[in-house]
Every structure is written in C-alpha cells, then in structure tokens.
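Both of the next two complexes hold chain A, though its partner changes from chain B to chain C.
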Partner chain A sequence: MNSMIYKKKSPLLLFLVPAFAFLFVFLYYPFFQNIFNTFLKIGGLGRAPEGVNTPWYENYQRLLEDPYMRVAMKNTLILIICTVVFQVGIALILALLVDTIRVGAQFFRTVYFFPIVISATALGLMFNLIFLYKGGMVNQMLLSLGKLPVEIKPSGKMIVQWLDWKDQAHFLFTMLLPVMWQYVGFYFVILVTGLNNIPEDVYEAAALDGADGWKRTQFITLPLLRNVLCTCLVLAITGALKVFDLPWVMFGAGMPENRGWLTGTYMYDQTFNKMNVDYGSTIAVLIVVLGVVLSNIANRVFRPSEDL
Partner chain B sequence: MKKAFVLLLALVMVMSLASPAFADSVTLNVVTSYGGDDGNRGNFEAAVKAYENSTGNKVNDGSATSNEEWKAKVLTDFETGSEPDVLFYFTNADAEPFISAGKVVSIDEIRAEYPDYATNMKSSMMAVAADGKQYSVPSSGYWENMFVNKAVLEDCGVAVPGPDYTWDQFLADCAVIKEAGYTPIACSLVEVPHYWFEFMVMNNGTVANHLDLPQNADDAVAEKWAAGLNDIKALYEAGFFPANTLTASDAETVELFNSGDAAFLIDGSWKVGYFTANAADLNDFAIAFVPGKGERSASEAIGGISMGYFITRKAWEDPAKREAAVAFVSQLTSDEVLSTFVTTEVTALVNGASPEGLNVLQQSAAEANGKITAIAGAVQDSLTAEARGDLFANVQNVVTGKMTAEEAVASAIALN
Partner chain C sequence: MKYGQKRTSQAITYGILSLWALTTIYPFFWVILNSFRQKGLIMSDSFSLPVGEAFTWDNYVTAFHRADFKNAYLNSFLISGIVTFCVVVIAGLAAYGLVRYRFRGRGLLHSLIMAGMMFPVFSTIIPVFRMEAVLGIAGTGNRWLSLLAVVLPQIAGNLCFAIIILMGFIQSVPIELEESAYLDGCSVFQIYFHIIIPAAKSSFATVAIFAFLWSYNDLFTQSFFLRYPQERAITGLLNEISSQAGVNYGLMAASVVLVVIPVLVVYICLQKHIIKGLTAGAVKG
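For the complex of A and B:
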C-alpha cells in the first residue's frame, strides 16, 4: 500500500522545492556571498565594496595575527568544555535524581526548564544586578557574611572593598555561570525524555538480579541513555559556538580589557560597531568551519551505538 | 430588526467617512536619542502624544540612548533600507554617510512645498553639510561641564570649584577626597571616556584650536591628543577613578555619584533631568567647572547644537507620509515645545526659548553658564565612527599601559 502512495514522485517536488528555495535564498546564497565578502574591502553594512583586499587573503592573515581573535578562540574553547562538563553533566545528574522520585517530578521538570523560556537579554540584565559591583546581590551576601574588607575612616565613613565580578580574575566565572545555568534545563528535558523511554521491565529484571541504586544507574541507565547523551553532547558543543546574546549584554565589547571576547561577540563588534564587515565575515567563516569540524569530531567520538 | 441593523451600519459608514482623523491616519516611524535615561524623555513623549492627539496620526517611537552602538545601528538602518521616516540625529560627520547617499531631504527642498518649514529657526545656527546644504532642524543645544556632589565636598572640606579652578588644585582636592574614603571622579573609562577626553585635549591646547584634527601621528594636534590621554592615565594611576572604572557601566558610575560616594562627574546638560528625577536631595548637587591647565581656563567649556530632526527621502516620497513628517518636525521644533525641552541650553529659535520654573540644579547650571567665557564643540564629532570607536576603545589600553597614548592616536588617525 505504502509503495503505491509514493509511486508517483513528482508531487513530492511541490513540497520540497519551496523549502529548498527558501533555504537557498536565506541560507546558502548569503553563506557563499559571505565567503566572497571576506576577500573584499567593505566599510559598512549595505555599502558597496571598495575593491579587493591586497593581498586578497589579507583578512585571513589578520585572523592569524589578531591577538583579540586568539582571546576569543581561547574563551570559546573554555566555554565549550564548560558546556560539556557542567551543562550536560549537571543536567544528567538532575535527570537521574528526578527520575528516581515518584512525587513532584513534574514540578522539578518545570522548574529546571523555566530559564530556557526567559530571553537571554533579560537574563543578562538580571545577572548584571546579581553581580553588580556596589550593592549587587552576591556582594551584599559576602558583606553580611563578613567576607569583604571593611575600613572605617576617621570621619566615620565605612569603606567597603567590593568584589569586582567582572575584573580579570573573575570575569570567566561571571560570564560562564549564567550561560551554564540557562541551558541546563534544555538538556535536562532531553535526558528525562530519554530516561522515560527505558523500558520498566529492564529495571525489574535487574532488580531480580540484585542490581539497585548506583549499580542500576551504572549498568542499566547510563548504557541505555548513551545515544541521547551523544545527541546532547553534539548539541552542546555546536550550541556553545553560537553563544552571543547573554555575554554581550553582560560584558559588551570584550570587557574586561579585551580579555572577554568570544568568537560571536568579536564578530558582532567588528561587523556592527567597527564597521569592518569583511573582517566580520571572515570571523563568521571561521565560526562555521569550527562548528563543522568540532561537530564532526563530536559525532565520531560520541558515535551513537547501533546496538541501542 | 433587519432594517435597524442596516441603518446602524450606514450610520457607522457615514461617520467613518466624515472623520478625517481616522481616514487620513498615518503611522510615522521615528527614531531619536530621547530614550533610556535621557533627561528630556518625558518631554519628548508628551510632545509625541500631543502630536498624535492633534493630527490623529500614530508614532512608532524607536528612541534609544545615544551611544556608539546606537549611532552604528542608525547608519546600518540607512544602508539596509530600513531607515525611519523622521530621525533625530547628530548633524556633524556622523550624518554624512546618509546625507551624501541622498537618503534625507534638504530644508530648501522641503520649503519649496512647505514655505514655513523651520522658519522659526536662525538659519545661521543650522548645521551645514559637506555639500553646503542644510538638512536638519535643530532642537535644543547642549553643554558639557563638571557636576559636583556638594555633600561629598563638604564632608571632605573641599570647596566647590569656581571658574578659576586649576589642574593642581584639582589634583590636590582629589587626593583629599580619596583619603576621606570617597571616589574623586565618577566615570566609566570603558564606556564613556569621551567627556574626559574632550576636556583633557582642550587642557593641552586652547578653546580656539580645539576642533583641529590631527593629520598625521607626529603633528602638534596629535601630540595634544596624546598629552590629553596621558592626563587621563595619570588620574587612573593615582586611583582617582572608581576601582571598577574598566568594567563599570556609565549608569553604575553615575549612580555612585548620585548616591554620595563620588565627588566629581563630567557630563552633559541632558544629565540635569536625570538628577532632577533621581536625586534624593537636589540641593546636594551643583554645576561647577572642569579644572583648567596651560592656556585653558576652567571657564571654557564644551557645548553647542549638535543634533537635529531629519526627514528621510523614503518618507518624503511617500505621499501618505510627507505631510505627516513635516507636521511632526514642525510641531516638535515649535517655540512652545522646545521651551519644555530647554532649561539652560542654547537653542536656534529666532524668538529664543522661555523655560519656566528652574529647579536648584538648573539654576546652578544657568549660573555656571553665565560665567562661561568661551565654548567649543566636541572634537570627537568630527571623527568618523570607525576612528572614534577605535580611539575610545583604546583608552583602557592606554591607562593600563598596554599601549602608548601616541599609538592610540595614530591608530585612530589611520581610520579617519
């Protein structure tokens, strides 16, 4: 019966062509135009190119020599590692814990997923207040716990040495924490769905064999969850490369002292603020190349098992 | 029943035809810098409301805070064909990209059809573009000067600076203020270093040559700019800026000043409205003078008229929007409306503005302005967006010693 339905293939084109045309116009054409732009000199969005760069590979040469690009690459790689370890790791722990409780599981699913539905801009502004220098939530807590140096001047004025959470010593923590926090819920929901798909009779059989607690997790749950975990890891790595909005709201242009760049924020700054459209395009090409390479590596390393 | 319904329907149709306010209603897209914490935001919104009520038109208000990112966004909108119908924007080199691209309409072209357009403005005070034509109708002008927190100064035993305030006195006062546990200067060097840059450049030159631009990295103007940057560096190294000046936002450091933790703040006339709305006690604040050095006296300041209303070619060529845009600009720049925007700022109005009921801070600004002996525009306005962005982004590198002041100036010149 099914083979009869698909015997005449031409109507399928009616459905495939519009989607292909849409992707071609809004994805593939701009993508290849963007590669072409990297060889031109363009001084503003929408402006006509002023000619070809000399040498034509000038932007790629600059990419290798640009110290801020090295900073952006380093921070992005740290972000990827933290994403894999903390986002997926914490999501896995939470999913395993929620899976074991009988009452309130739905409540925790909603609570952990909630940050996903808040816009990154709003989250950025919220975390800006949490980590505010003078009177921010974290600094007030540290002050009340007596963890911040306080000096009383002869005039009676109290001087508090507030902690600058955006300085060179703390900016990575302050930048990464909200990003980790925001997306834990996303992977949590995927993993909980994966856990729900593990048949109950497997657990029952394991229980008969005396496996419970950690052994049940180690020998039943984690192996059966492997494919879902692999998907999460690939999504986490490629997602980390695209992180832009939350760090931009909190740290703007490379704060502190040009040490806070990510590939996404540096590309945006070069394109929209510095009007270096051709160099911004070159950074965009690098981001795409990195995305393809890293997701391929991740796919190979975390290859889903065909036995599951 | 059916007859009554038909009659009611006919009545509604006739009424809708008889109501020109609904029939001709136009929605104007307007972008201005009267967003965020701009002191005139309330006045602008009230003026827009009055325009909507009197014309029946609607205004899509895309106003935001003016900063480098906003300027870049406006230019990008022009380049991508998504410019607004009416734009309130800088009238200097910043506007040249869309003026030279023919994306805004000149005053002469508008007057050919609307002879009364902007006739309440002094022509001599309206900005002239590189092609010799006038394109924008000026709103209120601005001044930049030193705001002081009198409560902090009093607590430290420091006098409010007068028009003869010197650089050495200022450094001594800052040391006293710091010793007393306060932050001498409220400023975010990462976000708004330009206020200090302007005055430090003038301190190393004169008000007469303030608007000169360096032609190469070795000329006298470049040396003056580098000396100004080095003065900022000296203040940074002395610990006179907030401890987090390289990571703080402008809003954070202004609040530091507002809450009585910092003594001095260089800002503009637009900030008077902010303190009027947010200060716990307005009597704690006053407008004083930026310390003078070399040939510059503290009574010489930055100011002028730098912004105005443009009507875009897109709106002008849309028959439905042309009249609405002209009416909008005319109403927003009328004597009555501009008088609500102005307290102590200069205007281009032929009849002058007539502000009423000045509060204590506005009165202080009026008194300080009365003692100003000379004024110059901001030299940064003559730089291209790329050069300006590069120069101010490098201030943090100069003060931390990652780059010399000379290198920062040379880098900006190369982009101008």
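For the complex of A and C:
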C-alpha cells in the first residue's frame, strides 16, 4: 500500500530530522556516554573525567560488594513482584468488573486515573500526612476503632502509643502501598481497552456453547487478553525499576537506617549527594540491564504463540 | 431466581468498584478538607468538616507568604508548555513520515524508537548535564538558561512515547483521503496539516496531555537542573516545602492542594481525550 504521494522522498527528511536529531543528542548519545562513564573517574556533576578507574571495572566490583546496593536490589525486587501481582492483578479484576456494567463505567474510568495525573511529589506528601506518626489519618482511624493501646494518666491525660508506619517493621508496607495504588488505574485503562477490542461475536458463540459467567472469563476473555496482559507486565516491570519520586519524598535517603533504598533513590543519592558520579552511572546501567533482562523473561514466559 | 442472582452479583460488582473509587477520591478529599482546618486540629480531629471555629484560610496565606508559588507556577507552565508544544510538533512529523513512507532503514528507526522507551532518565541525565554544562546552558545561575536545560532532555524523553502513540493513530487514517487530496493538487505538507492532524486530533490531544503532565510532575529532572530559588518549578517547590514545613501540617496540606488543583482541572476537562487516545495507540504495540 504505497501511494503515489509518498514516492517522492525529499519531504521525508523534514519529517524525520528534527525528531531524530533530538533523540540522538539527548537520548542515544548520553546513553552510550553513560556506559563509558562507568569506567572513568568523575569527581562531580558536569566535571570532566579525571582518567580511567583502577582497575577499570572498579565500579562493577563495588556494585557487587556494596551492602546498600544489595538492600536496594532486594527492595526493588520485592517492589517488582508486588507491582506485578497486585497492580496488574487489581487492575485486571477491576477491568473485568467494569466490563460487565453499563451505568457508571465512564465515572470509574475517570476516577481510577486520578492518581496517575497527579505528581508523585504531591502524592508522597499526601501519604506522609496519611501515615503520620502522631495523629495521621491511619492512626486516627485505628485510634477511633480502639486498635491502639491507650494509657490514661491519673491526671486524666490520654497517652496514645501511636504506630510508627515508617519504622523497621512497617516501612516496606508504607513505601510500597502508595506506589502500587498509584498505577493501578494506568493498567486498568489499558486492560479495559483490550476487553473492548474482543469482538462481540466471540462471546455470542461462547454463549451458544453454554459458557457464561466465570467460565466465559476463564476460557474466552483471559486467553484473548493475554497479549495485553503481557504488555502490562513489561510496563509494570520497567516502571517498578524506575520508581523514584514517591519513595524519595516519603523516605528521603534510605530511611530507616539505610534499609529503605530502592535502585532509583540510591542512584540519585550517590550521584547527587555523595558525588560518586561514575558509580551512579554504573547503577543506572544496572537498572537498564535488569529492565531488559526481566522484561525479556516476562515476554518469553507469557507472550502467547502466534496462532492465538 | 435467576433474576435475583443477577441483582446480587451486580450489587457486589458495584460494591467492589466503588470501594476502589473511594481509595482514589477520599485521600484528595481528606487533604482538601484539612487544608482549611486550624493547624492544631489536624492531628486530633481530621475527619469532620472544618466549619465554624475550625475553618481557616491561614494555611493558604502562609503558603503564598512562605513560598514563591507565583514564580514557580510561571516556571512550571513555561517548561511544560514549551515541552508540550515541541513534542507534539516534532513527534507528529516523525510519526507521519515513519507511517506513510517506505524507505531503507525504516525498520531500524522503528526499533530505535522502541529502545528509546526503555532508557530510564537516570541513565542519560548525567551525560546530558555535562553536555549542557559545557555548552553553557546548565548550572549558570541564569534562570532562562536553566529552564531551557530542563526543557531539552524532557522533549527527548517524551518523544518516543509520543511517536509510538501517534503512529498507531495515523496508521488507522484511511489513505484514500490523502490520495484524493493529492489529486486535488495538495502538497504533502498540506495533506499533513489539513487531513492527518484533524483526523488524529484526539491522539494529538492525548500526547499533549501526557507530555504536559509528565513534564509538570517530573521531580527528578527538575531537581538536577534547577538549583536556585528563582528557578524552582512547582514540584521542586513542593518538595522543598515538605522538608521545611516541619510539623506545620496545615501548610503541607494547602501546598499539596495548590499543586494538584491545576492538574486535576486540566485532567477533568480533557479526560475523554486521554482515555480514548491512550488506549487506541498503546495496546497495538
């Protein structure tokens, strides 16, 4: 389908040059430069390299030995598993449910998308208020439900033992919950479209064969949705590796006691606050490598065969 | 019997859906409510409506007094406006060229764009900073140059997503329209402006909205390039307030509202386009 109009190729340059000029200068070139930087010694942002590291793979060695890096990797892997299971899982349930109703579907689509359009910084602050130690929303609810130990002094003053949502025992929950909650709506919208794309006659044929309700979901909807689910999975994995703003606003540099690092926040802290620019680049390379490897695995395992 | 069953399952469906809707609406409602409450009361009684004694404008007054919101709004809208405009123009042209023309290297360019989606901003920001420092754009202390320093990488970062979404749409525009316009003597550029853009309007709107939101909300790039107070954009300002406000939770709530409201208004006005435009392009991928 190659029309006469597009036989003459000269306008093509004008169409493509601006975009690819931008991409080469500000995306592809910096990306490869960044890989080079991991072998160099760089003492500060924007400064010229001071030579090659000794040994040249020093940063990679450090990556393996750094205990905080291990913490960051562990937390990030937990985050990935949780996003895949809960984010995509909840989104799938909600999408399947919305698909069965007529009235109000538009309303649910609109409000589920709210958290995505709002800056993670604002959300982080909001969750800080919600999970506040003394008198946050959650703690106030727990108090009114009588779930917090309260001591009444002889003077009549009430001493409440508030629950610290950011301590060692709870921080993982407090950090992961907002991140997961935020993006459910994104996958929800993608899945709903996938559902809308399933032709009506497939369902009609299934109804003739006596399949309805859960059977219909199990044998018709889910297999046909597999491709879209796989897209969601890849997006969820790469997205989880990049998480930065929300945990950064809520926890700052690795709170509590260096147990709260994620790959994104650790990279930022190393580059910016510790001025280990070359080491920061190395962490960035690791993030890209992990993203490519994990999403390839997800594709291998879940991508349906061509004939489906 | 059958009818009754259907009624219950419908009720359960609506119940679950509403429950999730509650989690996405209530937190904002709670923050808005508490931004109007006397600051001492937030910690003891945050669920009632702030009426009578408890009601106050003070938090907003303090917010405007303590932080330079006006300047930060200006910076943010400048950055995000320019990014949005450039992304829409550049990505639109590229998507059109890639969809309609057949040429050698087309497959390669296509995979380059897909790969570009994979690069996190972490992996490019340091060399970009160095490059811009050498060119004298970043780290100069000049407000306008610093804003430009944010705009350039943000355009590049949004382009790949925009091109992919737009390609999905332009593909679905029937080529017969273009052919008849060509026979009427239109040039390729006239075809692009008079046929393609109107036909793919909602996807252009989607791309514009996402570019705007991502740019407005992007704390990472902003905190790299905007180091001085007068350069601060809105998310950076919010981050700073949160670290300074200490226990002034009323101020925090008011600042969150001030940052969130413009975005929510834009979203609610344009939400039809967002969902229609995003979904048609994204799933094809």
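The definition used in the following text is that the second predicted complex is superposed on the first by the 286 of 308 C-alpha atoms of A that agree within 3 Å, B and C clash if a C-alpha of one lies under 4 Å from a C-alpha of the other, contacts with A are read in each partner's own complex, and residues count from 1 in each chain.
To be clear about the criterion, a residue touches a chain if its C-beta (ideal position, glycine included) is under 8 Å from a C-beta of that chain, and two chains touch if they have at least 3 such contacts.
Since the model is a prediction, treat every value here as computed from it, not as a measurement.
**Student:** When the two structures are superposed on chain A, do chain B and chain C clash or fit side by side?
**Tutor:** On the superposed model, which is not a single observed complex, chain B and chain C clash.
**Student:** Report for A:Phe31: first if it touches chain B alone, second if chain C alone, otherwise both or neither.
**Tutor:** A:Phe31 contacts chain C only, not chain B.
**Student:** Under the stated touch criterion, which partner chain does A:Ala253 make contact with: chain B (first), chain C (second), both, or neither?
**Tutor:** Touch partner of A:Ala253: chain B, not chain C.
**Student:** If we overlay the two complexes on their shared chain A, which of chain B and chain C does A:Tyr60 touch? Say first, second, both or neither.
**Tutor:** In the superposition, A:Tyr60 contacts neither chain B nor chain C.
**Student:** So, A:Phe302: does it touch chain B (first), chain C (second), both, or neither?
**Tutor:** Neither chain B nor chain C is touched by A:Phe302.
**Student:** Touching A:Ser155, do we find chain B (first), chain C (second), both, or neither?
**Tutor:** After superposing on A, A:Ser155 lies in contact with chain B but is clear of chain C.
**Student:** Of the partners chain B and chain C, which touch A:Leu132 in the superposed model: first, second, both, neither?
**Tutor:** A:Leu132 sits against chain B and chain C alike.
**Student:** Quick one: is A:Leu23 in contact with chain B, with chain C, with both, or with neither? Answer first, second, both or neither.
**Tutor:** It touches chain C, and chain B stays clear.
**Student:** Could you look at A:Leu94 and tell me whether it touches chain B, chain C, both or neither (first, second, both, neither)?
**Tutor:** In the superposition, A:Leu94 contacts chain C only.
**Student:** Check the contacts made with chain A and report whether chain B or chain C touches more of its residues.
**Tutor:** C
**Student:** Figure out whether A:Asn273 sits in contact with chain B (first) or chain C (second), or with both, or with neither.
**Tutor:** A:Asn273 contacts chain B only, not chain C.
**Student:** Considering each complex separately, which residues of chain A are in contact with chain B in the first and with chain C in the second?
**Tutor:** Residues common to the chain A contacts of chain C and of chain B are 45-47, 132, 134, 272, listed in rising order.
**Student:** Please give the residue numbers of chain C that touch chain A in the complex, ascending.
**Tutor:** Listed in rising order, the residues of chain C that touch chain A are 10, 13-14, 16-17, 20-21, 23-25, 27-28, 30-31, 34, 42-47, 89-91, 93-94, 96-98, 100-103, 109, 112-113, 116, 118-134, 138-139, 152-153, 155-157, 159-160, 163, 175, 178-179, 182, 188-189, 191, 213, 216-217, 219-220, 223-224, 234-235, 238-239, 242, 249, 252-253, 255-256, 259-260, 263-264, 266-268, 271, 274-275, 278-280, 282-283, 285.
**Student:** Applying the document's contact rule, which stretches of chain A touch chain B when the two form their complex?
**Tutor:** Touching chain B from chain A are residues 43-47, 132-134, 151, 153, 155, 157, 159, 161-162, 164, 166-167, 171, 252-253, 255-258, 272-276.
**Student:** With touch defined as at the start, can you tell me which chain B residues reach chain A in the complex?
**Tutor:** Within the complex, chain B contacts chain A at residues 68-69, 72-73, 75-76, 78-81, 97, 155, 180-182, 190-191, 243-244, 246-248, 252, 255-256, 261, 385-386, 389-390, 393, 396-397, 400, 402.
**Student:** For chain A, which residues are in contact with chain C within the complex?
**Tutor:** 1-6, 8-9, 11-12, 14-16, 18-20, 22-23, 25-31, 33-34, 37, 45-48, 90, 93-94, 97-98, 100-101, 104, 107-115, 117-122, 124-130, 132, 134-137, 140, 181, 184-185, 189-190, 192-194, 196-197, 228, 231, 238, 241-242, 244-245, 248-249, 264, 267-268, 271-272, 277, 280-281, 283-285, 287-288, 291-292
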